[in-house]
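Before anything else, here is the set of structures, which you'll find just below.
In the two complexes below, chain A is the common chain; its partner is chain B in one and chain C in the other.
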Partner chain A sequence: MTATRRPISGGLAGRLAVLAVVLLAVMWMTPLLWIFAASFKPNDVLMVRTDGLLSPPFTLRNYQNLIGTSQLLRWLANSAIVSLGQTALVLALSSLAGYGFARTSFPGKRWVFGFVLAGLAVPEQATFIPLHRLFAGLALHNSYTALILPRLAAPFGVYLMTQYFKAIPRELEEAALLDNASRLKIFLRIVLPMSLPAQATLGIFSFLTAWNDYLWPLVSATRPDMYTLTVGLGSIQTVFAQSEGIGYLMAQAVFAGLPIFIVYLFFQKHIVAAVSGTTVG
Partner chain B sequence: MSKLPCALGIVALGAVALAACGDKKTEIAFARFFGACEAEYGKITDVKQARGECGIITSITNQFNATSKDGVVVKTQIVEWGPYYDQLSARIVSGDIPAVAVMHESALGDFVARNLVEPLDDGLKSIGITAEEFTDQARRGTVIGGKVYALPFDTWSWLWHINLNMMKKAELVNADGSPILPTTPEELIAHAEKFKAATGKPYLSWPTVNEFAAPYRHFVTLVAQQGATLFPPGGKTVDVRSEAARRALELIARLYGEGHVKTGADYGAANQAFLNGEAGIVVVGTWTIDDFLNQSKQAGSALANGYTVVPFPPIFGKKAVFADGHSWVLLKGGIRDDKARKAALGLLRALWDNDFEWSRTGHLPARKSVIDSAAYKELPFRVNIAEIASTAYSVPSDVSHQRAVEVAIGEEVNAMCLTKKPLADVQTAIEQRVGKLLTGAN
Partner chain C sequence: MTVPALPPTAVAAPAARPAHAVQRLTELPAPGEQRWANGLFVAPFLVIYLLLLVVPLVYGWWLSLRHADLLAGTSRFAGLDNYIELWRDSIFLGAVRNTGVFVVMTTPVFVILGLALALALNRPGLLAAALRAIFFGASVLSVTVVTLVWRLVMMPDRGLFANLWRGLGGEPVQPLSIEGLSLAVVAAVTVWWTIGLPMMLFLAGLQQIPRELYEAAALDSAGRWRTFVAITLPSLKRTVALVIVIEVVLQFQLFGQVWFLTLGGPNNSSRPIVQFVYEKGFREWQVGYAAASAQVLFTLMLVGILLQMWIARRREVSP
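The block that comes next holds the complex of A and B.
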């Protein structure tokens, strides 16, 4: 499966389409550019006006104050560890579960699969208190384990991988079985490499979800050295930042978004393919 | 003896000495909001050099750590203001309890009712502080059932920040340059009309978008100014059917409906409107005094040399204004031993000793001796607002879930202004929503 790019047809209609897309892109980007520009403006200026962003004065003070936060790199590292760890484990577990549901048969499979899918309908907030008490009982709060484990139950991931594995022709596996390959070997050597597009989709969504997560880290990682970036940046905001610290707030937003932006630069082909439901050849 | 073993011996001795020193240190966890400003104030120990909530509290902590003689180290744990209490509750459940924590006086009642906060009478006595030194308002906020449960730090309240330049244009200033303030609802409307006719701008600005605190605080204030209350004794009911409540709601609705309030503004935009001369008065708290004053010192500003601030005027006769306060509590289970208790109390003493410095944020001091001091009165506009320490009205501590109550009432008052929700429906909705919160019904 490969994505094919069709050039936009010429003529007036084509040009109008391009113009419309460009206008939409500019509209979409305006708030982001506003955030970026505001991050270089003094807070007392922004308290009065937030419309003259392209005219002086400018300042680097917001970034200096942000980088002067001693735990900032620690929070960045925590977010990276949690996001990467969570993504890797979600991929592993969802792939294994998905393969099980797609290719093996066991008593009650349909019920179990239905039970997994029912997880999609349970709002995160509904599980918060029991989850928090469970981890408190196990004395696991303020640890990477507590930040990563609760998110590994990923019904969407299991569903996605199950459906993807179902679409892979059985004949490939049957040929390997004739060659005496074990089920695990078939999974690792044949099925898994073929599912890379789906893995990329799931991986990107898992990573972004983990990176942006706020509520669970807020109540689980309560020691500042265990804060993730979202919680850490929240903690350093002044009480009325939306009025008296807008520039600082925007510098934090830029900083928090920067790693994701870099990831996007490197993996944009895969991300676009994942979001559009196509694959990259 | 060769040099190497000698050097190793010295290093080993040094390590033992350091370890011994390390053992003596007592760390106490200090949970608060107010933000972080390490880059600017991380090394400042002279509190006088600091400004703003974050700067002052950070330098007080630095000063305490730098001067502590008992090897006490305060480890500050900063949490975002919005979800502070959610995290604090989560910490208590998981046993990761800070020794000292900041707490709004409006939240204290809930924590005391859940038996989570230590009474402080004896502890404060041991560091030479008694409740008699608290201002009236601070005492109301921290003494529950005859026991002191928190060390008050300030009182913050609801003020009218006034653009005198615009008021002059509307001929709403006295000969001495002070603003002419309304003393009745009719006068308020008349002033607002006169102001609008002269300037073409609304008389008032307050946030009506993404904000529920402001309308709630106006409502509570206007009811209290009639000698009434929304919360009858017992804390289990809300009374919005009283004449006082009805009159207060009608006045708010009329002000908004007749275009005397800046529309479509959130918290930041409401302040911006005031600073840009798009409204004559912004109704907001004590904490903005410093910022507004700085703006008034800038030539070309709409506020240039024309800013003053007063308590919310007694529109219905009685001087009363909504107030709350920041206080410090010792949470049960947060202190491991006597050394930690002594350290925590030492920190409370340091905070108390810096009550004047904290009052530079705009908040009123919680300490009588500070509010009565010449130094405090010399701070800008503090003479105008000092009366709040005795005239303030705070929602009684037996009213539970006050933050949720604030949201419920604020939403309904906003709905009345923005969507013209009928007054009777607003009253019914408040009764239902707040009633559930106060009785614990689902």
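The block that comes next holds the complex of A and C.
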């Protein structure tokens, strides 16, 4: 995000404000840095003391244990499959429906659109118990299908794409329509390529939502090999006390947080835009 | 972020692109337009929407009117019994109260701290960009990473806090096991985790204030405080309202942080509504009762969401 205006300008007060914010930022980062540093310390040292983290001995043992003995890699793969699958399907469904609502007409469109928008008000907590019963009835739990499907019904993507398609100039489409091109062709060749910024925003929003989703994966994936990373990392905390060494726990926290943090560093601009509800053009 | 658990509506509200009213959907006067065929564009989503949102919602209402106990394998019509029972269930009422207390504790902090950070960081330059990234960064972590980090930080004997506290000469404490304090600790962790969202919303709001207003104030040689009170705050009125409503809706969904930090304790003092729903539905398998409590949560949140949509509408109408 680029900032151009400065309500608090330079001067002493401005500098003091910045200094205060810098101190606060250091406080904000300290827990993460502490965990990161401690994850490279041997467990037997951490059993005795957890200060003096910046002096040797250091070790990669905690990370080796993690690769060898935990299911973290499996959970990471599950999270990637579920998040990418869900994102791809949300983009496809939302783009099609958004185009249909924004640019075409069919009987009852206004009514259908209102009916879909009403779904924006339904939180997942209102449907996760009946959904769980329905998926249990179909014996679908502990599968990627069950992890991916329910979020596809959220109408936010349709809302976003409808708004975006409405803002694209219509002249391009009209020329193609006069040439008797089909609606689907116009959508695929002309409109879809123009909607990349909105696709990026919606894609990143969907990916983060799926990656960090907790409630549905918790009740749907009950077999450890089907856990997502978020659920798996929860499962090791329920046996926190019996866990083999806090250095190992710290390495798991770092390992689980790092992939999404790297995604964040790469797509910062889009992520900020996605959560503050704007599209980066 | 809270992108985690962010309800789609929270994001929909501050849409940058003006929403045309539903009634004014643009339509092409196209030659040979196949009107029914155009419905095929929305059909795939509509099928999913019906099967995975509308059907479960209605099924949930139906379940909430039944005594459905999966352990006993029984299910029979109950009328409003579940709702009446909830009204008398002291654990449920406690959960409603805890959730309310949590919302009241966190929302003002999100508004004031979010606004303060946005004001301080609404400037160009690398330092401000880096600071914005730091405060927003934790939001992308999932709830279980956040709770694991904080459980380690708050370990009673060897955690980061214990170290610092001992350095200051304090006796060992376990804030998470103190009744009356545990929910406040959960609130602090939640603020640490998701302060990025209100900060970014306020930054977006600040960017929309016309520069001319500040230039006019400068011409009148208005002081910094006066400019803030006379121009910045009034211009942010809608953003403040929006942040309040978004945070109320989000914090009503409190679950994961409590589940791993306190398990609802000590003595039920931090159990939120979602945990109640989860425990009834997936620990005790009283599905009807759980569905009824979920409907109460839904109703409470609906009030907040409708308010939010109303504000979003007003934002869209104004230029």
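Criterion: the second predicted complex is superposed on the first by the 182 of 281 C-alpha atoms of A that agree within 3 Å, B and C clash if a C-alpha of one lies under 4 Å from a C-alpha of the other, contacts with A are read in each partner's own complex, and residues count from 1 in each chain.
Keep in mind that, in the parts below, a residue touches a chain if its C-beta (ideal position, glycine included) is under 8 Å from a C-beta of that chain, and two chains touch if they have at least 3 such contacts.
The structure displayed is predicted, hence computed values, not measured ones.
J.: Please work out whether A:Arg74 is in contact with chain B alone, chain C alone, both, or neither, and reply first, second, both or neither.
T.: It touches nothing on chain B or chain C.
J.: Where does A:Leu131 make contact in the superposed view: on chain B (first), on chain C (second), on both, or on neither?
T.: Only chain C is touched by A:Leu131; chain B is not.
J.: According to the stated criteria, A:Pro150 is in contact with first (chain B), second (chain C), both, or neither; which is it?
T.: second
J.: When the two structures are overlaid on chain A, which partner does A:Ser276 contact: first (chain B), second (chain C), both, or neither?
T.: Only chain C; A:Ser276 stays clear of chain B.
J.: By residue count, is chain A touched more by chain B or by chain C?
T.: C
J.: Just chain B (first), just chain C (second), both, or neither: which does A:Val219 touch?
T.: In the superposition, A:Val219 touches chain B and chain C alike.
J.: Which of the two partners, first being chain B and second being chain C, lies in contact with A:His141: first, second, both, or neither?
T.: A:His141 contacts chain B only, not chain C.
J.: Identify the overlap between the chain B-contacting and the chain C-contacting residues of chain A.
T.: 47, 49-50, 132-133, 218-219, 231, 234, 236-238, 240, 246
J.: Of all residues in chain B, which touch chain A in the complex?
T.: 33-40, 42, 52-54, 77-83, 86-87, 90-91, 93-96, 266-268, 271-272, 275-276, 287-288, 291, 294-295, 301
J.: Of all residues in chain C, which touch chain A in the complex?
T.: 1-9, 11-17, 19-20, 22-23, 25-28, 30-42, 44-46, 48-49, 51-57, 59-60, 63, 117, 119-124, 127-129, 131-145, 147-153, 155, 158-160, 163, 192, 196-197, 200-201, 203-204, 206-207, 209, 211, 214, 224, 227-228, 232, 249, 253, 255-256, 259-260, 274, 277-278, 281-282, 287, 290-291, 294-295, 297-298, 301-302, 305-306, 309
J.: Where on chain A does chain B make contact in their complex?
T.: So the residues of chain A touching chain B come out as 44, 47-50, 64-70, 132-133, 135-136, 139, 141-142, 218-220, 222-224, 231, 234-246.
J.: What part of chain A is in contact with chain C in the complex they form?
T.: Where chain A meets chain C, its residues are 1-9, 13, 17-18, 20-22, 24-25, 28-32, 34-35, 38, 46-47, 49-51, 92-94, 96-97, 99-107, 109-110, 112-114, 116-117, 119-123, 125-134, 149-150, 152-156, 158-160, 163-164, 166-167, 170, 173-174, 177-178, 180, 183, 187, 205, 208-209, 211-215, 218-219, 229-231, 233-234, 236-238, 240, 246, 249-250, 252-253, 256-257, 260-261, 263-264, 268, 271-272, 274-279.
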